[in-house]
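Two complexes are shown next, each including subunit A; its partner changes from subunit B in the first to subunit C in the second.
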Partner chain A sequence: MPETVFEPWNDPAANPLIQFRNVTKRFGDFTAVDNLSIDIFEKEFFALLGPSGCGKTTMMRMLAGFETPTSGTIMLDGQDISPIPPNKRSVNMMFQSYALFPHLTVYDNIAFGLKRDKLPPDQIDARVKEMLRLVQIEKFGQRKPEQISGGQRQRVALARALAKAPKLLLLDEPLSALDKKLRQDTQFELMDIQEKTGTTFVVVTHDQEEAMTVASRVAVMDHGKLKQVDTPDRIYEAPNSTYVADFIGDVNIIEGHGKAQGDTMAISWAEGQPPIIGTPSKPMDDGNVSFAIRPEKVAISAERPADRNNVVQGKVLDIAYLGNLSTYHVQLPSGIVIKAQTANSRRRASRPFTWEDEVWLSWTDTAGIVLER
Partner chain B sequence: MNLRRFSLIAVPYFWLLGLFLIPFLIVFKISLSDIALSIPPYTPTLELSEGWAGFRDFLSQLDFENFEFLATDDLYWKSYLSSVQIAFISTFICLLIGFPIAYGMANAPKEWQPTLMLLVILPFWTSFLIRVYSLIGILSQEGMLNQFLMWLGLIGEPLTILNTNVAVYIGIVYTYCPFMILPIYATLIKLDGSLLEAAEDLGCSRTEAFWRITVPLSKAGIIAGCFLVFIPALGEFVIPSLLGGSDTLMIGKTLFEEFYNNRDWPVASAVAVILLLILIIPIVLYQRNEQKMMEAET
Partner chain C sequence: MRRLTWFNATSLTLGFAFLYIPMIVVIIYSFNESRLVTVWGGFSTKWYGELLQNEAFLDAAWVTFKVGFFSSIIATILGTMGAYVLVRGGRFYGRTLFSGMIYAPLVMPEVITGLSLLLLFISIGLDRGLFTIILAHATFSMCYVSVVVSSRLVSFDRSVEEAALDLGCTPFEAFRLVTLPIIAPAVISGWLLALTLSLDDLVIASFVAGPSATTLPIKVFSSIRLGVSPEINALSTILIGLVTIGTIMASLSTKRAVMRRERAERMAEQAG
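Up next is the complex of A and B:
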């Protein structure tokens, strides 16, 4: 069998596990989710990303069954789940606060759902032990939740939610309570566990780095609407709006008037300056556009580079040294500040530029993307 | 430094010594004395002027006669038993009424909670005695309750409630219910709502989630509430003597009668000592519960 890339969303024959069809949810006057349709496929690691109040948590709570849509339907495995109460759904949730039962041991927390299914005791025992092994907390089975660390609690919460082998696992800000170092390690573990169990994961997060790392696809949400649903690399490299470009990572945005030139577009952005050449995100007409370019795609040099179309001159305003990277804030004569990032690949290299230096910024025709304004 | 620590610890110890241990020792001493027609109405009394010999003479006259007397007359153990029974049943009724009230309060909208809390504490703004007297007005033959029930047509002639054990139960439950409600409310308000959602998510119905999560997690409040009702109810004197009938036996009432009507201070003191011993068991249990709660929180 040839190895295929996991991309069920590009396969018209694939049946989605979850379908949101024109789902709207209102709380009084407030529309949390606004006429939203989306398909999520089996074995996906799907991330709902957005600022707080964008409706991502409401979507998750509708999947879990704690909220019902005001209108529209949600299908799970081809079945409308609106009338099914949370305790009858093959969906489990890992809560942001973990919601571990403080009066039960770690073992009993994990066994809780299995006991509700009235499974035979030896089967429950085997499953709980399997889960404890899966999340590597075998030693802590007999402890109470308050007797273990935050990272271990996070594992217990994950094990408890996975114990019933749900069709769909919901994770509400799963790593937000962990410190940065632990969070990064846990991200990879989470991906491992998702792969091992083959469960479909839907994770809600406001942390774009987390979403980008773990997810097979990311949905960027704002004000109850989906802005873009795509793979992490496409979200980053080919955002479809300035909102998405700005929300994910760092970006320079230059506004101007665009004019199509074959595959590329020439953008007049300042008096007396040559136009910037960029690649449009989709075929678009001449008019007002935004040019978005990531700082790491902007090269910085002392001499004017000869081989590039896009060259601007400016003055170093600020330098942010991040260890692995340095970000230069360069002010152009028009007043715009452009961020340029360079990797500090050599140790102890003297810093090539300093404050107030005149520098040249340049980028290729395909480095930046042209977005509708 | 050490002096500071010592004085900090000393304050509660002196407090206990002065206001609990010494009075108790005085009562215990009286319980070992004999009744006498004098002031005070018991012998022997300690004559410090006679020195060491007087003290030895005093000690030799003390005995456990009164405690033996309590064991022989069945009035006393019946009073104790009846008190325990009334206190126990009252506590249980308080729990049945108090828990739903506390639950309702904890789940009420945030802006309502201070008002509801105030309503629970409000009765304490009126004298306890006046409230018990007004219960007489409500429960008597011509009282409001009977008039209301007759107006509804539920009963043909007035019920005899006043001067029965029923009136005592009503009085105790009415008086002590806030002591049940407040600690339960305090634990329920701290309960994290996501725990119930997690329980539902894992397959519990709402009712099952209540019994498996809410009740175990409010256990500390329930236990505290039960003790706060049971302990004072056991020694209750005002309610049984005002609302109860002649056949209502409660140890507080017996003690009062022994003390004032019979002027038998030694026997009354013996009754009090035994009552304290009975109370010590639940108090120790309560302390242990509190300690467990403290440990659980740290």
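Up next is the complex of A and C:
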């Protein structure tokens, strides 16, 4: 069977599972979600990413039915869901606080939703056991939530939300309570479970690494607005604004005046310096622009490289050693500081550069992206 | 264990003496053979026997029990419902006013509550008796229940109720299956408080009680005015005994709850 790429968002014939159409949510005169439209497709692992307070939880709560949009419509499977109460929606939520029922055992927590559906007892039992196995907490079925650890509670919350096999599972900062190591392991487990169950996941996070790891597509939000919706690699490689470029990973931003030059753009950025050549994120007119380049795309050398258009000279200001990587902060004569990252492939290799060294920074014409300002 | 200092030991002794000597005196005199309070006539349990023969006291005790039982149940149901609406009902018009008003009866002097209830019952032509006492007690103790229950509702995570809705409960099922079991300890405390208040009450009951029904506190109070009788001492001793047993059971169950929680924490740690 040929491996087909999962990209329903590029398929004009695909019907989205969820559609936000110009959804706005106000609390009093505060706008938490601002005229937002997105399509989310079946079997996607969709991440909502943004700083705290940008309206991510509010979006989830509108999907689950705990808040109603002030204006606009939300469609699930082509049907407007606003008149449907939370208990009638085929959507389940894993709450940020887990919200386990403290008076019920782990088993009964997971069985809770199934019992509401009045399924026969043996079917409920089989499903609960399946869920316990899926999230690997078979041993703790008879315990109360207070008798298990934080990581296990999070698994119970996941199992409980998955038990009813919803069309859509909402996860609100599912891993924020875990420490880094456990969080990474759990991210992969989540992806695994998502694949196994084929459920559509919408996950909220303020951790960009997490979003990049788990998601098929990432929506970057700011103050209730969508900044960009794209695959993790596109978000990283082709951000459409300095906000997105800056929010995801590390980036150098240089401001200047751009002039189109065929496919590329020449940016004059400092007196007496040759222009920087970059690739525009979209066709754009001449004018004020920002040039964004990731530190790992900036090469650092002692000699002036001969084969590149983009070459600047500067002085090493600071060095951050991160184990596998080193980041050099290089100050240019104009005062701008540019970060350049190199991989430390050899152990204990003596550093090629040290503080105050005069170095050359260079990058290719396609390494950096030109953004409108 | 730290040893008590001389000062602490004295404070403790004096404080407890102040609290308990009057009760001890009552208990001792309830076993006094002599009818005279001031004379010790030897040990006897005869007053207990006489008490059990005294129809008036037994009737009053039975009325008190019935009033306590029914009024505390009504107060618990109404108080819990009120607390739920005030805490969870969202921001409806006049909510702040209602929240404030629920506390008002707590600070209202009892004579005023009693008097206003009396006037109400007279004006609607309700005959005073068992029923009016039950209504009056339910009215004032309901506020206490509501205060106890709302403090519990405020402190527990709203999303637990939302999770129940999310998993397919109707709002009423979510209340019955999730909210109520979680706030049950507060509801039970509220109920015990309402019961105690009702058993205790003299002032309000004396306004709204009629010739057909007298509560024990009213009966005791009116017979004291004719002189202290040893039967009253016996009755008091029985009540002290009941209260003591109740308190010990309550503190034992608290202790068990603490131990259960500690065990749960240990299990959670081991679960890793």
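Criterion: the second predicted complex is superposed on the first by the 372 of 373 C-alpha atoms of A that agree within 3 Å, B and C clash if a C-alpha of one lies under 4 Å from a C-alpha of the other, contacts with A are read in each partner's own complex, and residues count from 1 in each chain.
Here is the rule we go by: contacts are C-beta pairs under 8 Å (C-beta built on N, C-alpha and C of every residue); 3 or more make two chains touch, one makes a residue touch a chain.
Predicted model only: the values in this text are computed from it and were never measured.
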item	value
Clash or fit (per the criteria above) of subunit B with subunit C on subunit A	clash
Which superposed partner A:Q152 touches (first subunit B, second subunit C, both, neither)	second
Touched partner set for A:G141, first subunit B, second subunit C, both or neither	neither
First, second, both or neither for A:G53, with subunit B first and subunit C second	neither
Partner chain(s) touched by A:S97 [first = subunit B, second = subunit C, both, neither]	both
Which superposed partner A:G249 touches (first subunit B, second subunit C, both, neither)	neither
Touching partner for A:P86 - first (subunit B), second (subunit C), both, neither	both
Residues of subunit A contacting subunit B in one complex and subunit C in the other	64-66, 85-87, 91-93, 95-97, 99-103, 112-113, 116-117, 146, 160-161, 164
Partner subunit B, residues of subunit A touching it in the complex	64-66, 85-88, 91-93, 95-97, 99-103, 112-113, 116-117, 146, 160-161, 164
Subunit A-touching residues of subunit B, taken from the complex the two chains share	192, 194-195, 197-205, 208, 213, 216-217, 219, 296
Subunit C to subunit A touching residues, read off their complex	157, 159-160, 162-170, 173, 177-178, 181-182, 261, 264-265, 267-269, 271-272
Residue numbers on subunit A that touch subunit C, as the complex places them	64-66, 85-87, 91-93, 95-97, 99-103, 112-113, 116-117, 140, 143-144, 146-149, 152, 160-161, 164
